[in-house]
Structure formats: C-alpha cells, structure tokens
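Multiple structures follow.
In what comes next, subunit A is part of two complexes: it sits with subunit B in the first one and with subunit C in the second one.
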Partner chain A sequence: MRTARRWLEAGTVAASLALGAVVWEVAGRLTSGAFWAPLSTTLASLGTLAASGALVRYAASSLQLYATGLALGIAVGAPFGLLLARLPWLRVALEDYIMMLYATPMVALIPFILSMLGFGFTPKVLVVFLFAVFPVLYNTVEGARSIRPELVEVAHAFRSSEWQLWRDVMIPYTLPFAMTGVRQAIARGLVGMVAAEFFLSPSGLGQMIMLGSQNFDTANMLAAILVIVVLGVLLMDFGRWVERRFAPWRRASE
Partner chain B sequence: MADARIVVKAAGKRFGSHQVFRNVGLAVGSREVVAIIGPSGCGKTTLLRAIDGLLPLTEGEVTIEGTPVAGPREGVAMVFQHFGLFPWKTVYQNVAYGLKLAGASAAVIAEKVPRFIELVGLTGFEHHYPYQISGGMQQRCGLARALAIEPRVLLMDEPFGAVDAQTREILQFELLRIWDMKPTTMVFVTHSIDEAVLMGDRIVVLKGRPASVHEVIAVDLARPRTRATLAEPRFVELRERVWGTLMAEARKAEFDVTQ
Partner chain C sequence: MSDAQAIPAPGARRAGAAWRAPPLALKVVAGVALLALWEAIVRAFAPTYVARPSGIALVLFKVLADAQFRAAAGATLWAVAQGLGISLVAGTAVGFLMGRVAAVERGLRYYVFSLFATPMVAILPLVTLWFGYNADARLAVVVFASFFSIAINASDGARSVPPEYLEVARSFRARPLATLYDVVFPASLPYLFAGVRLAAGRALVGAVVAEFFISIPGLGYYILFNSRTFKHNEAFVAVIVLVAAGVGFEVLVRRLAQRYLPWARRA
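Moving on, here comes the complex of A and B:
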C-alpha cells in the first residue's frame, strides 16, 4: 500500500517534470530565438559550454565567491549571536541595528558598497556575507535566549562553571537554532552571489547570464540560469540535511 | 539534633515585597528522610532550592555538615520535578553529566554509569534520548544522575509530581528500595500526603502566609517500607492526621487565591 503510494507520487513528479520540459520546448520553438530558446537548444548550449571548460570556470568562480561569503557569514554570525545572548547590554545596544539590517533587502546596499569599495573580489564577498550573516546571527541570538531556565538550574545544581555551562548546555542547546539560520543563509547567500555578479564586477554564472542577455544568446543565458536552479535545489536540500543532522532531539521534543 | 547533617535556622525568603516563608527551622539527621509538605505557594520548593544553595535566603541560614551554604556544593544532589534531562544527551550521557562535572576520570565514569543505570532499571536504554522514553523512565534517569555522584545529601523536588499515578507508585517503592540499600540524608518535597507518610521519618508541615513550620509529625513506621506499609493501620492514622492539618489550610489557601 505504502510502496504503491510512493510509486504514484514518483510517477506524478516525473510526469510533471516531463510536461514542464515539453512546454519549455514548444514555447521555445513557437517564439523568436531572441526571447526564448527551446530546452533542446539550451541543453546543447550547456553541452558546448561544459565541453569548452567555460562552464566549469564560471561555476568555480561563482562557488568560490559563494563559499567565502557564506563561510564568513557563519563564522561571524554564530559566535557573535552567542555573545549577544550572553551580554544583555550589548544586545540591547545593537538589537535595533540588527533588526533593521535583517529587514533591509540587501540588494539596496549594493550601489553603496560599489561606491565604497569599488570592483574586485572583496566587495562581492561582502555582499554574499551580508546576505548570509543576518539569518545566522538572528536565529542564534533567539535560540540562545530561549534556553530553558530549568536546564541552566540543573547545571548550577551540579556545580557547573560558567565555561562548562556554555560547553555542556548553551552551545548544544543553541546549535539547532543556529543551523536553521545556516539553512536560510545557504539560500540567501545564493541570491547575494548572483546579485553581486550582476551589479559589481561581472563574473561567474551571473556574468554568463548577463552576457547571454546582452548578446541575445538566450540559449546560453537559460543554460546558466538552469545551472543556478540546480545549484539552488541541491544547496537547499543540503541545508535541510544540515539542519536535521544537528538536532535529532529538537523535532521530537517540541 | 546531635548528628544533624542539614540545619536550617530562622530561614526566611522574600521576593520583592512578598514574604514566602519566615522563621523556618529544621534539622535533618544523616540517615533521615524529612518530607516537606504544604499547600501550593507555601514555598516548599523555594526552601529546597535554598538548602541546595541555588537561591540565597533573605533571612537566616542553612548549614550542611557544619558549614554555611553559599552555593551548590559537592556531595549534595538534587532531583527535579521537571526531570531536567538534557534532550541532546543520551541516557548514558545524562547520567554521566554530574560525574563529569565533579571531575571523575573516564575510568570511574565507565564503571559507575552502567552500575547506576542498572540500579534504576534502565539497562538497555543507555543510548536512548530522553524524548524516546516515558516520563517515568526519564525520572529514573534523573535519579541515576543524582545518585551517581554518591551524594551524602539528596534533595528531591516533587520528583514524582509529573508522572502518572501508577508510575508514581512504582517509583516510590523503587526509591525506598534504593534508599534502604544506602541510607542517606534526604529532604523530600511533595504535595502528596501518602507520599510524605510513605517516604518520611518526619513530616514538616508548612503553613500560613507567610509560611512557617506549623507542625512536625514523626512517622513511626518500620523500615524497610513496602506496599504492605500502605495497609498498616498506623499508616492510615498518620495519613489522616496530616490530612486534617493540611486540608483546612489548603481550603483556606484556595479561597485566598480566589479573593
């Protein structure tokens, strides 16, 4: 019964994807090549790009930017979040700024970053970092602040030192919240990556899209978009896996 | 009392302008179980936390083994109504927690943890997480964590208050069995009259607003106590006596709250 339902579901997904591919193909054939390329042409372009090594070069450039910005966002966001939860005065002092920046569409800051830092790798990393850091920071602070007081009391009753309290209670308790932030940062960082490649010095997959668009080479443009879509899906899955991996207890106890 | 291990002298606790209890005096012998009972809000749990050193008193003092309590100390362990297990630790890791903080070596932990897990009947569940086991089993784990540091003073904060009635009864007799194997100083806070009579050598009744020691009732029931104890005429007599003292107060407290 259960396997039957699973087959039905897999069949529906496959049929939906196949239909989407057919619609793409037909739409591409019915319209001008300057607007829309059929799936077959897009895949052919993708094949050519892959064969020439250009795809790998562009993707590697993008991923380097993405990974650097994301890693910095996590490395700064999580410890700083814990620090804010630990020092109430610092949190009170900075909370409004954090909320403002968390709420701001980061794209709005890109022209400002451009005028401040110009072109190059560093300002682009800063953009990805800004996209990634706030979800991590925000979720870590909120997580650490939601610590159940009775668990802290247990630690005190067993004569825990401040450092042991952090090692045994605060950090393990906060970790799954921070991971929720990491999952969001993984998704937002990708947006930051493409935005930085569009608006700062063009590079990577973003540049591929821009070049395709400017040259009316729709097949190349769609090929680059397709790569980003696949990357996004894979990264989202990875994010969800990371989140689950660190909190087997959280789902069941809440 | 000559061999008193815990002495509470003229203890009072105030939260802001609210005086919870005042002038509470109490001495607990080294192999004695004192049950503290009283209506809701009388501060019995607060008193227990003050004895542990988790909360400072506003008046009076607590001494354990002759020295004033300023914070949680070595040789004193507490079992909590809410169990207080760490959800990200397995049963084994939770039981090892107190030992680890007490600085026990890996060899000592490897020897003691399975022994205390066996003592509370959790063998086979070492690698389960708290959310994977029942409330009764979680409290067995909490008990093992406290017992593992081999405390000279055991503080019980309504330990069976959050489990169902049948499990509660099973755990009461388990605790009696464990205590009989190694009698130690125990303060047992409860709001169950039966539990107070079954566990205690003496029952301290807290009463009044602010609360103070209204009556101390000696429980002259023989140990070891078992299920048969519940059927003894003396048990019934003592239970009625505590009931009489407490229920008049509970009724008054209930009406106070409504007003």
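Moving on, here comes the complex of A and C:
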C-alpha cells in the first residue's frame, strides 16, 4: 500500500517534469528563435559549451568569486555577531543599524563600487561580501538577543572562565541563528555573484548569459541560465542541510 | 571541561554588566559615531566625489524636492507595489492549491522551488527579449522576484492548517469556498505575512536590477546615472529612499501582524 503510494507520487513528479520538458521543446519550435529555444537545442548548446571547456572555465571563475565573497562574509559576520553576544551594551547600540543594513538592497551600491573601484576581481568580491555579510550578522545578533542574562549570571556565579562562558553559553546559543544567516547568505551571495558579473566587469556564468543575449543566441543563453538555476537549487539544498545539521529545531522561512 | 576548571578563573570581571545607560541614548550615540566614522574615513582616504554624510545632508532636501527624482521614486515604488499585488493574489492562489491538492503540489513543486532558488538577475536578458526595454520588463522582474516566496509560504501555510479545523468545517457541511475563506485563509495568514515580508525585499532588489539593466527612469537608474557622473551624494539619496521603503514596509507588516494576528508568533 505504502509503496504503491510512493510510486504514484514519484510518477506524478516524473510526469510533471516530462510535461515541462515537452512544453519547453514545443514552445521553442513554435516561437521565433529570438524568444525561446527548444530544449533539445538548449541541451545541444550546453553540450558544446561543456565539450569546449568554456562551461568549466566560466563556472570556475564564478565559483571562485562566490566562494571568496561568501567566506569573507561569514568570517566577518559570525565573529562580530558573537562579540555582540558578549557585549550586550554594544549590541543594543548597534542592532537597529544592523537591521537597517540587512534590509538595504545591496544591489543599489553596485554603481558606487563600480565608479570607486572600477573593474577587477576585488570590487566583485566586495559585492558578494556585502550581499552575504549582513544576513549572517543580523541572524547572529538575533541569537545573541536570545541569550537570557541569567545564564551569563549563573556562569559568572560558578566562576566560569571567559573561554568556558564562550564555549558553554555564547556559542551554543548563537550558532543555530548564525547558521540560519549562513543559509540566507548562501542564497543572497549567488544573487550578488550574478549581479557583480553583470554590472561590473563581465565574467563567469553572468558573462555567459550576456554573450548569449548579445549574439541573439537564445539557446546558449538558456543553457547558461539553466546552469545557474541548477546551481541555485543545489546551493539552496546545501544551505538547508547546513542549517538542519547545526540547528535541527529551527525551521526555514527564507 | 575538567582541565579548564582546574585553572581558577582570573578574568571573571563583569565586563559590560555594570553598564546601565538608557538604550535610546546608546543607539543615538552609536548612530552619530557611525556617521562620524564614515565621514572621517571618506575625508581621509577617498576622492572628494565619494558620498559622505555631510555631503548627503547638503544635497538631501534639494534632491527630495527635485521633480525628476520624485518621478523616479514614484515609478520604482509603484512598480514594486503593483508587482507585489500581482504576486500576492496569484502566489496565494497557486500556493493554496499546492497546499491543499496533492497532485498540484507534486506537479509544481520542482518548478516553484527551482525558480525560487534562481537569482532574478540571471533572467534579466530573457525578460528583455520578451517584453522589450520598458517598464513592463521591470514589472515582470518584480513579479518574478516576489511570486515564488509568496507561493511557497502560502503552500506551507495551507498545509499547516490543523486537521481538526477542517473536520469541524466538514461536519458542518461547509462548502469548499467557505472552508477556504473561513478556515484555510485565516489559519495560513502568519505564513502569508512571512512570505510578503520576504517578497517585498526581493521585489525592491528586482526593481533596482531591472532599472540598471534596461535603463528606464526609476531609483535604480537614478543611482546608476548619478554615480557615473560622480554625483555620489545625490545618488545616495536614492539609496536612502530605497532603505526607507524597505524598512517602512517591514515595520508596517510587523505592526499589522501584531494588530490583527496577536496569536501568531511566527516572526
């Protein structure tokens, strides 16, 4: 009975994916090549790009940018958030400004970065960093706020050392929140990566999309978008896994 | 643990615990300090055209009074409002269907989740192919940016309706539409609010990147144009308006949730 249901479920999903593939193919054949390309042509372009090594080159350049910016964002956001967990007065002083920066659409800063820092790798890393750092910081500070002052007082009463206080109170309480921030940073960083590759110097997967659109090669463009969609899905699943791994009791809402 | 405890804790000073300044004063002091830091860094290290608090303060009212700037702000915020409205109606409908009808959920699950995970910037060239370089393309990007987070949250909400509520509705022979309106909708409101908050942020980003890409009047284009001509202070006023819109919407949704959904603690 249960296996039958499982099969039915898998069947519906498979049918929907197959239907989507057919619609993609038919839409490509019915419309002008400037609007949409059939799935078969798109996959053929993807195959050509992969065989020539261009796909790997573009993807490697993108991932290098993404990983650098994201790592910097986490390396700055999490420790600073933890520091604010230890120093409540500083947290109270800064938390509204952190919330404001968290809500700021960082894409709006790209033109400033372009005209100040120009082209190159560093300004693009700065963009990914700005997209990634504030979700980590904001969520870590939320975690810091969730530490009850009594816990710190008890720790002091038992003469916990500074290191013990961090190990047994600060880190366990803020880490789950920080991981929610990391998940959001993983998703936002990808937006930052593509935006940087579009609006600063073209490079990577963003450049691949742009080239396809400039040459009116819709199949190439769709192939590049497809790669980014798959990358986005994989990264989002990875982010959920990271969050669950460190914080099984918190649920995702972004 | 044991090895660490063997050492007596010498550094058990109560750092910060004795601090009892009123929070508001702390916040104001911190804000002034941050602005001063920004001003000092720009004065010391950056070229004169780079935006800094004193420069922004000088041009703030002039820019806000400028008719062209007002038109740009109106265009962007109106597109965001329209797009959010479309996404809210369509996303809630699709999300409820997914949440209540298993076949729909299985059929759409992968599409909705993968398009939710897609950075909206990546589809800009495709959108301009379809809609041209105009305001329709911006609206399409805003809808794309906001639709999926609302649909996913609406679907989660519709799925989380306690079964007892639905049983009661059924035993009173409620019609399906009445069940939807009186049971499913109120029960999933907390999820919808969460979805709308998330969607609003994404919609703002969508509108700005669309304006960068297609160069139509709006706050994004205002920023692009003025920063290219090295008027960073003027351009930054547009950033302030964007932040104010984002934070203002966030505060509004929180207030509405507190006022009308006091039972929901799903922040």
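The criterion applied here is as follows: the second predicted complex is superposed on the first by the 229 of 254 C-alpha atoms of A that agree within 3 Å, B and C clash if a C-alpha of one lies under 4 Å from a C-alpha of the other, contacts with A are read in each partner's own complex, and residues count from 1 in each chain.
To be clear about the criterion, a contact is a pair of C-beta atoms (placed from the backbone, for glycine too) under 8 Å apart; a residue touches a chain by one contact, two chains touch by 3 or more.
Note that the structure is a prediction, hence the values are computed from the model and not measured.
Once chain A of one complex is fitted onto chain A of the other, the partner contacts of A:Glu150 are limited to subunit B, with no touch recorded for subunit C.
In the superposed model, A:Gln164 makes contact with both subunit B and subunit C. After overlaying the two complexes on the shared chain, residue contacts for A:Pro172 are found with subunit B alone; subunit C is out of touch. In the superposed model, A:Leu109 lies in contact with subunit C only, and not with subunit B.
Set against each other, subunit B and subunit C touch different numbers of residues in subunit A, with C touching more.
Once the two complexes are overlaid on chain A, the subunit A residues touched by subunit B in the first and by subunit C in the second are 156, 159-160, 164, 253. Looking at the complex, you find that subunit A touches subunit C at residues 9, 12-13, 15-17, 19-20, 34-35, 86-90, 92-94, 96-97, 99-100, 103-105, 107-112, 114-116, 152, 156, 159-164, 187, 190-191, 193-195, 198-199, 205-206, 209-210, 212-213, 218, 221-222, 225, 228-230, 232-233, 235-236, 253-254. Against subunit A, the residues of subunit B that register as touching in their complex are 52, 54, 71-74, 77-78, 80, 82, 84, 86-89, 97-98, 101-102, 129-132, 149. Listing the residues of subunit C that touch subunit A in their complex gives 1, 4-5, 7-9, 11-12, 14-17, 19, 21, 23, 26-27, 29-31, 34, 46-47, 50-51, 103, 106-111, 113-126, 128-130, 149, 153, 194, 198, 201, 204-205, 208-209, 212-213, 219-220, 223-224, 227-228, 230, 232, 235-236, 238-239, 242-243, 246-247, 250, 266.
Put simply, subunit A touches subunit B in their complex at residues 150-151, 153-154, 156-160, 164, 168-169, 172-173, 175, 247-250, 252-253.
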